[in-house]
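Naming follows writing order (A, B, C and D), and every chain is counted from residue 1.
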Amino acid sequence: MAEIQLKSLAHSYSANPSGPGDYAIRQLDHVWHKGGAYALLGPSGCGKSTMLNIISGLVQPSEGEVLFDGKRVNELSPRDRNIAQVFQFPVVYDSMTVFENLAFPLKNNKVPAAKIKTRVQEIAEVLEIEDKLHKKAKNLTADEKQKVSMGRGLVREDVSAILFDEPLTVIDPQLKWKLRRKLKQIHEQFDITMVYVTHDQLEASTFADRIAVMFDGQVVQFGTPTELFEAPNHTFVGYFIGSPGMNILEVERCQGGVRFDSTELRLEPWQSEILGGMKSDNLKVGIRPEFIEISPVMSDDTYAAEVRDVEDLGTYKIVTVKLGEQQMKVRQSEEFDAGIGSQVNLLFPGQWLMLYVDEFLVQEQQ
Amino acid sequence: MRQTGYKNIGITIYILLLLTPVYWLLNMSFKTNREILGGLTLWPQNFTFDNYAVIFTDPSWYNGYLNSMAYVSINVVITLLVALPAAYAFSRYKFLGDKHLFFWLLSNRMAPPAVFLLPFFQLYSSIGLFDTHIAVALAHCLFNVPLAVWILEGFMKGVPREYDEMAYIDGYSFPKFFIKVFLPMIRSGIGVTAFFAFMFSWVELLLARTLTSVDAQPIGAIMTRTIGASGIDWGVLAAAGVLTIIPGLLVIWFVRNHVAKGFALGRV
Amino acid sequence: MSLTLENLSRTVDGVDYVRDANLTFEAGSFNVLLGRTLAGKTSMMRLMAGLDKPTKGRVLYKGEDVTGQSVQRRNISMIYQQFINYPTLTVYENIASPLRLAKMSGSEIDRRVKETASMLRIEPLLKRYPLELSGGQQQRTAMARALVKDATLVLFDEPLVNLDYKLREELRAELRDLFRERQCIAVYATTEANEALALGGTTTLLHEGGVVQSGPVMDVYRSPVNTLAAQLFSEPPMNIIRGRVSDTEVTFDEYSHHALTQELARLAPGDYWFGIRPSHIALVPANDDDLEMSMEVALSEISGSETFMHVENSHFEMVLQLMGVHQYHTGAPLKVYLPVNKLFVFDSNEQLVHTPTRVSGGAN
Amino acid sequence: MDKIPDNRAWWLVLPVFLLVAFSALIPLMTVVNYSVQDIFGPGQAYYVGTEWFKEVLTDQRLQDSLIRQFAFSGAVLLIQIPLGIGVALMMPKSGIKGSLCLILVAIPLLIPWNVVGTIWQIFARGDIGLFGWAVNQAGIDYNYTGDTVDAWLTVLLMDVWHWTPLVALLCYSGLRAIPEAFYQAAEIDRASKWAVFRYIQLPRLKSVLIIAVLLRFMDSFMIYIEPFVLTGGGPGSSTTFLSQTLTTMAIGQFDLGRAAAFSLIYFLIVLLISWLFFTAITHADKEK
């Protein structure tokens, strides 16, 4: 187990990168602490898999350092870094039985046979494949195979970290629930540093204590699921986390707040204050569909909007409303019933109205 | 990375060993017979093109090449024409006796040419094809077609059937789909198959020699004529040999990028 | 103008891919086939498309039997789960190919291709080749090719599974809009309940080749015919607990006893299955007759906006879907409350006998 | 991918069927026909039943060359398969170096078989051949035209030189077909070089190796031109292999009946052994 630190890391797959566009990862500093359960979340092509492979040593970063417990390991091969990694698609040694597969990493580490046996048993039970132990690996179903590849990663006790690269891609939704739960339990059981790469926010947030959101080659926010949800510090995080994502409106300065079309939004005093001190005119406000309230009565801090569409998702409804020229989404309980075309009064609770300057969140200084 | 270092050394040595005999042939082809028989020299002392000149001036020599070229190319064309649809059938459909048919085809690839010498001789003379290019081309189909079917089937299996379906859904008729959509998708397979057909037809001599006498005689046969006769013209023989290697080199150069895949007969 | 499946079956060496399906799809309708992998979704679509021949039954289009008709002669299009485009043609030519085959005039083709391309936001890519594109763009191309000809039947075979989470959301939304005005029959296969809900239209639940239930999405969702349907169409799966109703009380798994109130009172004594959606279980009582149960936390998963809490006791386990963040440690004891009016009740052979009282408004 | 049952597919294979039938079945029939007759010349043939088969099966000369043949094929496989794998493992995985190696290694395969014979005929000569000369210089008395053992070994060496590349290239392509992920996983699992070979590369080479063995067995079992050119089958009959015995019998001595019977037996042997391999292949394919 180790603390993994990435120092001013950058990587490009092209030999002589011309512009920032050629970089899969640019100027990235990050620390994964001992024993944490982390997720690395981002759209495909944001460089998250690259980062994972750099940590495990399968890829050599073109710039920057990788430190394990403060020691530089750039030059070390994966075997010497003593890292376990689970790939997106199952990799099993199909000439071996499940048992031999799970035992393989231990054998290579010269673990005594007796120890291997118990350890493999243990892991097999956790993954619920103990009945398959003596089947040939090639005769397994896709998700069984994936369990085996996970098992090979989990079976080693001495690893500095376990990396998962979208491990549940090939798994049925129904099973995903169970497996994700398993992983979490395993983490609580053995508390090993785990980094879990995924593009699925639910997977990420249910697995990890803290999530690093990646967006073209950079970590734009690192925080708990709640932080990411309640205070996304970059418009991308707002859009990417939550479904539907945050409502983000382009606005311009105006008396006592900001304005889009004819609608004026009041800001918290501290927000206006900070805004006053900033030059940029790239201003946006964001508010989550979950936080917009629809109030029965009109008042001077409500905004009249027209219902454009109501999406019934069973346990809740997504209401699309038109405020001025802007479309917004509002999440309402399944009881909500206002027909399309009807008027509603929107309420934007001050603490949930986020202000973004140059795409980054304006935060209150303590 | 020391590992790769050793590997490179190893492979280099192997290739050198592999090439020395060829070099020796090349070396001799530029020597005069006197020098050749005069004793061992690692490279031509007095370099000469005479041996090649002989071949390029004497029709009985260079016709040999032309003949070989002729029947080889005919063979390649025929092989591809018949093998493509067949391979498709094998890769996509279950049909009555498919497995047996497949094995029977392959079994012909396994037939010792020697066994067929005489029958072939009689067969083709009886239908008046003896000593023609087409005869040799057809005879070579015996082992080329099965191989071609096998390789192509391997490649075609690699193309998901969804592509066929998509095309049908879009409204392609089978022939149109096959030519316009499918063949382009297995280009490399076709290239590789052509290469193999060429290769096996080009290097084969037993049948080619038996089925020809004068008009269609392959270069190989012409060379063998010189063998055994007193006082072989080593120089010319070597030159002739060198010239037989060149076409092969050209062909493999064209398919070099696909050949690795093809050598696995598309089956891994 | 409708497509009808008449006791359609397909059996391949002993295995039922589709079992005696009877369904009708109306023109202009959006139909979702929901089921786990190998439930028969793909097989059923292939039968509709005419790519496979049924072992039994007929496919009727506008009342006439088209079972034997060749694929080319049916005016359909299909989008696969893996991104299938002509690798040797440009995006433009890919989209144009069905039209070219329909012998359409060059200008008309150009117009349509451009139109469809802009609809799917791939206009700038028209000159590129499919394999140079990202997964999302490839799938958009495939969709464009499917939509450019006005097919009477458009089949989607889990088109979004191989795409990013967010991309799915976007494309799903676009799809709904694209098909609003279209007069074709759209059939969409998926394994995810939430996707079915988001897409709306009619939903057909499939399981092991057979049709479990079919109807307007909300009807199916609100009154699942049996426990299977209930669990198929709920993510996370609906909690189902065995219970016995006596004259005086209801007992869950011989474990927790409760008085009979509201609908429960109307149930005849006997064994039942009680279902409740994860989102309907609360940690604080809303009404005084809520069923209180003491459980232990097995695991709580926080997704920022919501918490999925897995709780259990010696007899059964449940999943709760709670708004907001609820941090609990494994093993912590807590009481959960099941509102009686949200209970689904199924009889001893798992058939629906009672659905929760509809909230005002209800399905739209 | 499951195949669609559809007998119309026969139309697609028909051309192949006809073509191969034409150049395989008709000749085969003729052979069968010969094998049961004694032919003195045009029009003078007598039915002799299984006479020839009996004779052939008891013919000492044939049995000898059959044994020689098996010994040879055995030796060929024993040397070429391991060597081929070794070479394949050494070849660079990709890039220009990769395809360059590929082409260089392939060269011997592109040489007409008689030329191969010629090359070695020269190359192995003690006086004007580099190889023969070198061996003699090394103080070993070597002369393939005189000494039977030397001759046999030379033929073997020639075949190894000629055909190991095929095995190597087959394995090479087999290796290239292994997804990078497997090597990565092995690296992560801290597998030794040997473990990688034993548990990843070898299992995945299985099907290619079967093909290689099959091809090498067949061709070495049917070898004719190269030794004929090199040694003419001599000295004595040390390098006279089945094909050659057969052709001399048929064309040289015009002993058609015996030759035909012999051909059939010959063919059957090849077929039988090949069939074993073939079933193995299809089996391997199924497993995948």
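Annotations for the structure displayed:
In this section, a residue touches a chain if its C-beta (ideal position, glycine included) is under 8 Å from a C-beta of that chain, and two chains touch if they have at least 3 such contacts.
Here's who's who by UniProt: A, C = ABC transporter ATP-binding protein; B = Carbohydrate ABC transporter permease.
On a predicted model such as this, the values are computed, not experimentally measured, just so you know.
Touching chain C and chain D together: A, B.
Taking each chain's centre as the average of its CA atoms, chain A and chain D sit 58 Å apart. Distance from the chain A centre to the chain B centre is 56 Å, each centre being the mean of its Cα atoms. We define each chain's centre as the mean of its Cα atoms; on that basis chain A and chain C are separated by 25 Å. Remark: chain B and chain D have CA centroids separated by 16 Å (rounded to whole angstrom).
Multi-chain contact residues, meaning those touching two or more other chains, occur in chain B at positions 160. A list of each chain pair in contact follows: A-C, A-D, B-C, B-D.
Partner chain C is touched in their complex by these residues of chain A: 43-45, 172-174, 177, 180-181, 184-185, 188, 199-202, 205-207, 224-226, 228-230, 239-245, 288, 290, 310-316, 334-337, 339. Residue ranges of chain D in contact with chain A, taken from their complex: 179, 181-182, 184-185, 187-192, 195, 199-200, 202-203, 287.
Interface of chain A with chain D (complex): residues 56, 58, 77-79, 82-85, 87, 89, 91, 93-96, 104-105, 108-109, 138, 149, 152-153. The touching residues of chain C, counted against chain A in their complex, run 36-37, 134-135, 164-167, 169, 191-192, 194, 197-198, 200, 218, 221, 234-237, 277, 279-280, 299, 301-305, 308, 310, 321, 323, 325, 330, 359-364. Across the complex, chain D meets chain B through its residues 1, 3-10, 12-13, 15-17, 19-20, 22-24, 26-28, 30-31, 34, 86-87, 89-92, 98-99, 101-115, 118-123, 127-131, 133, 161, 165-166, 169-170, 172-174, 176-177, 193, 204, 207-208, 211, 218, 221-222, 224-225, 229, 232, 242-244, 246-247, 250-251, 256, 259, 263-264, 266-267, 270-271, 274-275, 278, 282, 285.
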